[in-house]
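Look for chain A in each of the two complexes below; its partner is chain B in the first and chain C in the second.
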Partner chain A sequence: MANIAEQRIKREFKEVVKSEEVAKCHIKVELVDDSYRELRGEIAGPPDTPYEGGNFLLEIKIPETYPFNPPKVKFLTKIWHPNISSVTGAICLDILRDQWAAAMTLRTVLLSLQALLSAAEPDDPQDAVVAKQYKENPKIFQQTARHWTNIFAGGPLREKDLESKVTQLIGMGFDQNKARIALSTYNWNVEQATEYLLS
Partner chain B sequence: MLRNLFNRPSYSQAGWMPPFLVVNVRFNSSSTCQIQLDLEEPSKVRTLKERVSRKLDIPAEEIQIILAGRIIEDDHQLQDFSVGNETILHAFREKRKPRCPEGVPDCSLEPTRSSSQNNIYQYFVFCHECKSMKPGKLRVRCAVCREGHMILERDPQNWDDVLLPGRIRGECRGEACGTDQRAEFYFKCTGHLSSQQESAVVLKHVCPNRKAAECIACTHVSTPVLVFPCQRNHVICLDCFKSYGIVFMDTGQFESDPLYGYSLPCPDKCENSLIQESHHFCLLGQDQYERYKNLGALDFVRQNGVVCPHFGCGEGIQLEAATDKVMCPSCKFLFCRQCLSEWHEGPCRMRCIQLPEVFPINPQSKGGCKGR
Partner chain C sequence: MSASNETQGAEGGADEPPQPDNTFYECNICFDTAKDPIVSMCGHLFCWPCLHRWLETRPNRQVCPVCKAGIGKEKVIPIYGRGSTNQQDPREKLPPRPQGQRSEPETQGGFPGFGFSDGGFHMSFGIGAFPFGIFASTFNFNDGRPGPPEAGSPQHTEEMFLSKVFLWVAILFIFWLLVA
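Right after this comes the complex of A and B.
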């Protein structure tokens, strides 16, 4: 059984490596070890989104029952997106759950994830906090997502206002990441974020 | 897929091949004579007729040979049809009238002759005698006298013609039978010699991989393969089908269908792709097939009734009336269909369905809903 999975992955790996998208640096996949059980994926943030310019690393685990069951994929790079957990990187995408079909491949998975970054589905959220912000404060959501892309994924666009608020909380003695999460969660309201961090 | 139904290339059983071919000719469904033919030179139907003529003292031109529902012509070679050792041919005596007017193209049996295709079979069966999948041969007989002296009025065009009874009629040349009778198709396993009790079930989704299609799971090209009945005809190799079946049984992903029962769709989740015949799950191996049957039966009971919750019983009970009061016909336990606990008047006390006692209850788990 594991043999089918390995054969398939070897072939899919080659497919990704030779693909047009790789040539354009849109997606990438690497082996973690020689077993083909675990791979490292990378997708570029799509243009005209707050993720533009960022590179997002993915952990891809191939189950023994592949390709009859989907690969287990999560974001290793922190990302602010309604369908991706800002804490664990877990992804809510139908094709990685019950809509998986055996004809899908690593390449189609990576391209689907890239498409998910362009088109969020806030009504089927993985991260309720992010989804709420996406719907209620789209402008703040865009800034937050861009800020996270800049900090964690190497995105080129800095959000200086947001950075100074993080610095402000660091100055008060809070941990940088905790401060960023609290501020992102409370729509960059420094008072509320501080209250939350103290509680 | 079913074109050239009978025009399959000849086969040779693997391994040792005798230098001659022994065929059995049943004459007028009464006497059988064995004819030995030399394999060194091609055996024409005419040669066979001459041998039968000598044995039975009947003029050769008055002997007609039937194979699989058709009269075969003098000039054809026996090896071009699926005639092997111990094949039974049927013969009857009749002065030959021209059977079809000239100019009608497809009234004679034209064998496809290609030596490279010699080992490609069109059909595969699950043989209960061999306990495995084998290449199969399609055969036809009279539905009344069950003899093979049958000339079909037309060739079958699709699986329904073959699998549903009574769709094709023919002329039965058996002595004790009327002429116009229903034809009955059946499959023979090529893995062993003919026997009276043929118990081979055709696997209609399994066929040779003539188009060299890749397996949807491992992407390798092999033959034979299983082709799903979806519009895109997704192909899976038999090794992957086995894994697929076991994985989906493990994870409870089989589907219940009113027409095809407990079955699997194509791994790409296409519409109308369920496997239509349950013997295909024999390909998962004998143990897994037994498991499949149990799971299928349990599923059927759940769809149409309940499983008795009494400790150690587990009887499947079909429910006809829409009542909540059920008595198990096996252990006589009287229970409520809704909460699966002992029968009670009035509403169920438990808000959620309790696990029946047949499952071990973890003493450490605290209350709460453990139901479905």
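Right after this comes the complex of A and C.
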């Protein structure tokens, strides 16, 4: 029965490669090895979002029972989003869980993830800290997400204020990534972030 | 009009060699040409083995893999093409594909209302008393009534009881008429 999975992935792979979204560089799928069991996806940050201009890598694992069960997808590129864990990249999206349907494809999954970047669901969060900031401090959320896109996903827009705060903490001897996470978590309040890092 | 257009379109597609028109008949699950094809009530085509497995995977949430409409084993229609009997069915272990449902053509004409042959409860006696006339006609007017329930089922005993009650009411009524 694993045959179905492999056959289908091969067909889907061709479909994605030919699709117009690939032509427009919106999504991309690559093989990791010849087994068709693991794939590497890539989606472009949608326009008019803090993710614009960034490229986000995804790990796609195809279970033996595909397409009866959904592929396992997570973000390899770090991202600041209410429905994606800022630590592990795990995704909270219904179609990757109970709302999966066998007629969905790699292409529709990638497009759904792109849509998730445009329209977060803060009431069904994966990362509670991000979701809280999204609801309570939308401006800071936007800046933080843009900063993360710039740092990790090659986004073009720099957030110089935020960068200088990270540099400040690095100067105090903290690890860059830990400093960035602490600052992002505490709404870029340097004192609170330092306190957290020291505790 | 639209139906005839679609038919023309499908035929036209078959005439054009570069069109890979067999994708039209691909199963929506395995993306291969559908084997043992069945179609859902919402119009989506699948291999029966594929759809069966999908339904087995999610027994609590039986939805069409394409449009998420409700779907079920009893609610699919097999497609029998001409000359395609048993060409290939490597998966014998699966339960057989559901049968087509064949309903008798509807006969028209005659009196549709007076179907007394269905064996249901009805009573008739010679006194033209007003309420019973109503009952007799209203009770027996629907020609689509289900047959009597099986003997021994709770519904059957219930109906026997009701039947007796009405019988006694009738006897009392006649008795009252005689006395008066």
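What we mean here is this: the second predicted complex is superposed on the first by the 199 of 199 C-alpha atoms of A that agree within 3 Å, B and C clash if a C-alpha of one lies under 4 Å from a C-alpha of the other, contacts with A are read in each partner's own complex, and residues count from 1 in each chain.
Operating definition for what follows: contacts are C-beta pairs under 8 Å (C-beta built on N, C-alpha and C of every residue); 3 or more make two chains touch, one makes a residue touch a chain.
Every value quoted in this text rests on a predicted model; they were computed, and no experiment measured them.
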Room on chain A for both chain B and chain C (clash or fit): clash
First, second, both or neither for A:50, with chain B first and chain C second: neither
Touching partner for A:8 - first (chain B), second (chain C), both, neither: both
Touching partner for A:102 - first (chain B), second (chain C), both, neither: both
Partner chain in contact with A:67 - chain B first, chain C second, else both or neither: both
Chain C-contacting residues of chain A that also contact chain B: 4, 7-8, 11, 65, 67-69, 101-103
Touch list for chain C against partner chain A, complex: 28-32, 44, 50, 53-54, 57, 61, 63-66, 68
Complex interface listing, chain A residues touching chain C: 4, 7-8, 11-12, 65, 67-69, 98, 101-104
Residues of chain A that touch chain B when the two form their complex: 1, 4, 7-8, 11, 65, 67-69, 99, 101-103
Parts of chain B lying in touch with chain A, wherever the complex brings them together: 216-220, 234, 239-240, 243-244, 246-248, 250-251, 267-269
